[in-house]
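We just call them A, B, C and D in the order they show up, numbering each chain from 1.
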Amino acid sequence: MRVTLTVNGKPYSDDLEPRTLLAHYLRDTLNLTGTHVGCDTSNCGACTILMDGKAVKSCTILAVQADGSEITTIEGMANGGELHPIQQAFKENHGLQCGFCTPGMVMTAADILQNNPNPTEQEVRHGLEGNFCRCTGYHNIVKSVLHASELIK
Amino acid sequence: MIPAKFDYIKATSLDQAIELLAKHGFDAKVVAGGHSLIPAMKLRLNRPAVLIDIKGIEGLDGITEEGGHIVVGANCTHNQIASSELVNQHVGILATTARTIGDVQVRNKGTIGGSLAHADPAADYPATVLACEAIIEVLGSNGQRSIPAVDFFTGMFTTALEDDEIITAVRFPKVADGNYQKFYQSASRFAVVGVATVKNGSSVKVGITGVSDSPYRATAVEQAYDGTGSAAEHAVDGVDVMSDHFANAEYRAHLAKVMVKKGLEG
Amino acid sequence: MKISGKHIIEAPVEAVWQKILDPAVLERVTPGIDQLEKLAADRYKAIADIRMGPVKGRFTGSLAIEDKVAPESCTIVLDQKSKIGNVKASITLKLVPLADHQTAVGYTGEARMSGMLARMGQRLLGGVVSTLAKQFFSAFEKEVNG
Amino acid sequence: METYIGKPIKRREDNRFLTGKGRYTDDIKLPGMCHAAFVRSPYAHAKILRINTEAARNAEGVVTVFTAADGPGDFGVPCGWQVNFKNGDTMREPQHPLLAKDKVRHLGEPVAVVIAATMALARDAAELVEVDYEELPAVTNPQEAMAAGAPLVHDAWEDNAAFDWCIGNDRAEVEAALKDAYHVTELEFVNQRLAPNAIEPRSYIADYDVNADKWTLYSSTQNPHLIRLLLCAFALGIPEHKVRVVSYDVGGGFGSKIYHYTEEALLIWATKEIGRPVKWTADRSEAFLTDAHGRDHVVKSKMGFDKDGKIVAHLTDEYCAMGAYLSTFAPAIPTYLHGTLFQGLYTTPLIHLNVVAPFTHTVPVDAYRGAGRPEATYLIERLVSKAAKEMGIDPAEIRFKNFIPAFDGVKQPGYQTQVALQYDSGNYAPTLEKALEIVDYKGFRQEQAEARKQGKLLGIGISTWIEGCGIAPSAVVGALGARAGLYEVGHVRVQPTGKVTVFTGTHSHGQGHETVFAQFVADRLGIPIEDVDIAHGDTNEVAFGMGTYGSRSLAVGGSAIVKSIDKVLEKGAKIAAHKLEAAVEDIEYAQGKWTVKGTDKSISFGDVSLTAYVPHDYPEGLEPGLDFSSFYDPANFTFPFGTHIAIVEVNADTGKVTLKRFVAVDDVGNVMNPMIVDGQIHGGVVQGIGQALLEEVVYDDHGQMLTGSYMDYAMPRADDLPFIETDRTVTPCPHNPLGAKGAGEAGTIGATPAVVNAVVDALHHLGVDDIQMPLTPQRVWAAMQNVQR
């Protein structure tokens, strides 16, 4: 089945089995391996991307469902060598350790800050409820998102 | 995790979708946001031969005011509902309920129609549609039906929907005074107990989810309501209370009473 | 997990007893049962298509009726396999005649699942059984009084 | 010149992770690569009657299907640690087959593997493998496994014990002291089974090169060399020099990626059979069934006190599950990494621990963050807090009374415990003093009393902790049954231009070695940090190594690097002396150059490096090059310690616990990068909180898992937590050159009892004196109900 969509500003069109999950399409066909898969039940959030500007879990979306949409993955966040302010904030605040949940955290943070440019600590924590991190205790991730909201201003 | 093979059809109209449903029957599943269905398909607990995608059908994703009701299209996402001005203004309890579902990502994708059709016993909306006395609008081979919420949920994962029927919209009466109280299951964040309370003067309507195999109207509470929280004692009267690893029947019944009390006093 | 429940059927105990052991009736009223093929006395090959919310699967295996004490009690033993996991259940039915030609049908037993079904479905099993029982008895009642 | 040690240098590895350029195993694709899917047992215990693979073999895209009978059944993965029975009998060590042969012994044990062109087709075909089982009774609780008549996990032995072991003083002596004690506090509980849940599931790619007769294994392992050694020498008997193990980026380990798993060995076996690379990545649901779990102890304890609240004796009996087979380090966890910490920070004069370690019909249990030490700390700190309540002593006070007095391990000797180990250095009271000050302990007690009047349930819980890490002196662990040495390798290669590549046998999977190691290397060499690169995770690059676990990387791996740096500087001095026409004794090294003492004659590190590789004008008899590898075997374990305090509020209606504050004052020795140490503490603390409040693997009586996905296994999320308040004291380790002790496990060890003590404190006035972990709302509510009844 043909799927045509835009990923990180570039158009793609591929023939796919309907059962191909968007996460697998991004990783296996487009080689965008920054999007990770950490669970089977839509809980961990490692696969979070932006679909038409909104954070979604790409492991719970069929690639065919994404036909015609505009996708942003972690690879599309930095501008050349310049990190996106959210990425910058994660780096400055040690908001990552093993790095596996990080792309999903950054993409979710993008959604949070888009809808609420000045979140409180509690709003950030609540906004991250769909993303597991096992390394940081979330401490520095929450700090990073709060800091990113300052950087974006 | 990868689903078993299936055919995928993107329906362009409701009539086409219903025709496809009628044709494929037991083998078909309707998908909109897919957030109830796709996880089950990935685990291969469910393996429809045909997936009918109704997300692209026009006219199913609007929120409008019609004849004193707020009509929410079946394909509206939880986030769309949570942030809708109309909903917040006229059925605030629905917006609150939507905000408790899943997480940001799930709310961006999951739909009200999908959630209601799935009828998970721990889902949030059922309590609220019951307390609001919402009407579920459905369309099938035999035409259109308006199913009152109280008749819609028939058991665990089972509803009054016929095999060839699709939810098109949910019609909510305006609710001035309502609240949704949820006790989260700590892993899945589904409701261990969810209580929707709608107050109108001296009367109250209470919908409860998570407690039994099917969401229910707590009529015993409604009858005993005296303007205080004391009627909460009747939260599980006549109800077969579920038991699981997180909440055995005794604790779940207790939580139902606590949440109903909060709702009545809220 | 333990299963128990009780339903009142609007029919005398003999009628209930007779129908509840009739494979043709069981095939019609048991939710999901597609086929019940007699293998021996009180022993059947059973094929069921179960669709309940997230779960949909074809189950194949056996259904046996044991320890019959007419018209009071019997035990239904199920052993079903599927790609998503297996189900074993042993449920004892007890029939108690009530006034006005009513019969109380009580059931107690244990059901066990394995595989993915057990991991994902265990917490829901109680509710599933309760819903299936409701469906069974409502269809059964129609059958008895039909 | 800028120095780096002790500064919060931003991590150098972050850019690749933040831009999606990390290289995790599942990201790697090889030409011709196919995919494996395992057929796993749906039962905890069953006979395999028949396996029919025909339909699967004929399915679309299938390369082949293997069962035990096709060859893998001849091989098994080894256990790396032998712990014998206390009567001297040898530990019972069953074969752990790559694929189950006649019987399955835990849910999820692999019985066949399907290899196909794509992951999807492999899974499709795996569903077509028909296995007939005869289900058998199972036992999943370690205490029940030792009951008479319990189903046997391995028929070869008359009962399920893998071993029965004890440590400490003579049991009779301890019992006598308890009998004479002024007060005895008792505690019985289960330290529940946990799933490690690194967010990256395990992943392997095996690739056999037929022309070179060489294998490459890409693996999400914490210790590539150890895996290669186990794979070659024990599991498959293949030549070690022909095998390369690569572990680039790994998405968290927490212990679960230390072990040599059957899937790894099976793929290496299979790739040669089929002549193609083959990949397997676990699903989360497979991870729950197959990653080694942690904890699972059934505990019964008594602690005796004199009338002043001084501990006089401690006696504990435990049943500690091994699971169906012995995982790589499993026997060491409830014994030498657990019993040896029973001294805690206290002067307890008499201690006895007996451990019975049974096989159970569950996935193997092995080290999970902290590994045996959180279990010891939980036990001791719950006992002390419970005793304080029973004796009417303040919980801080009872700890101050019992602390071992300060000792630095240099002027004062190390502290000899009753349980084999000698602590290196310690100064315990200041961490508790500091933590009490941060939480304003007195102020909180007033607030608590006020809150109680309004029906609000506030509680405070203290836990002090010590652990033995920096694992570990080889001779010591060898005497304790380890089948490997636990030294580390550090290789410093100075390039001709003075740039430095450091190869370490440790492995970073979040710990930040690329940054932290570069900090002290740059400082010791007096060169810019940009001139230092850290390499790890590839057996072809790094000479050898034992990997990362047990908070050992800096203390052991870092020390190995220091040894090599010393060699570099020693040789560099000879070259410098030659170039400066001075005696070696007359020159000194500082800030990246050698200077003739008392003169301004000097030569830079870069010039010396170039000279070493372009040795035209060179000391006679000296080898060219500036490249040293060292093995560092630590003299002792290291013993970090600290105090954690939790403040909680319990909802009186629902039993739900809300964590209001968490303070961690830790002493991990010298700190290279405070930002990274704090990060390690935050993460560890939250995993400890997870055990206290949320996490639990539950098997039912038949060995089915009730918590096999994130829908049912609860882990902490961002909105379950407050910010973690950290502070520290510094007591350097006296026996390694960096003075470092280790920080990776600290948080997990200290946090769990602090939280449980806080909840019990909140409810104690109602009559609650203990609650079983995890403290779910249901359990807390039930505890309140039970005392009211």
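Here, contacts are C-beta pairs under 8 Å (C-beta built on N, C-alpha and C of every residue); 3 or more make two chains touch, one makes a residue touch a chain.
Everything numeric here is computed off the predicted structure, so don't read it as measured data.
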With chain centres set to the mean of the C-alpha atoms, which chain is at the far end from subunit B? D
Subunit B to subunit C, mean C-alpha position gap in Å, rounds to 29
For subunit A versus subunit C, what separation do you get between their C-alpha means, in angstrom? 47
For subunit A, residues contacting two or more additional chains: 17, 19, 40-41, 43, 129, 131
Mind pulling the residue numbers of subunit B that touch at least two other chains? 1-2, 4-5, 39, 43-44, 187-188, 245-246
Which subunit C residues sit where two or more other chains touch them? 83, 116, 120, 122-123
Touching pairs among all chains present in the structure: A-B, A-D, B-C, B-D, C-D
Mind pulling up the subunit D residues that touch subunit B in the complex? 119-120, 123-124, 127, 283, 285, 653-654, 656, 694, 698, 706-707, 710-715, 776-778, 781-782
In the complex, subunit C touches subunit D at residues 83, 85-86, 112-116, 118-120, 122-123
In their complex, what parts of subunit D are in touch with subunit A? 8, 10-11, 13-22, 24, 26-27, 29, 120, 197-201, 249-252, 254, 283-285, 509-512, 675-676, 678-679, 682-687, 709-711, 715-719, 721, 723-724, 747
Residues of subunit B touching subunit C in the complex: 26, 36-37, 39-40, 43-48, 118-121, 154-158, 212-214, 240, 242-246
Please name which positions on subunit B make contact with subunit A in the complex. 1-8, 10, 31, 34-35, 38-39, 41-43, 51, 53, 55, 79, 102-106, 108-109, 187-189
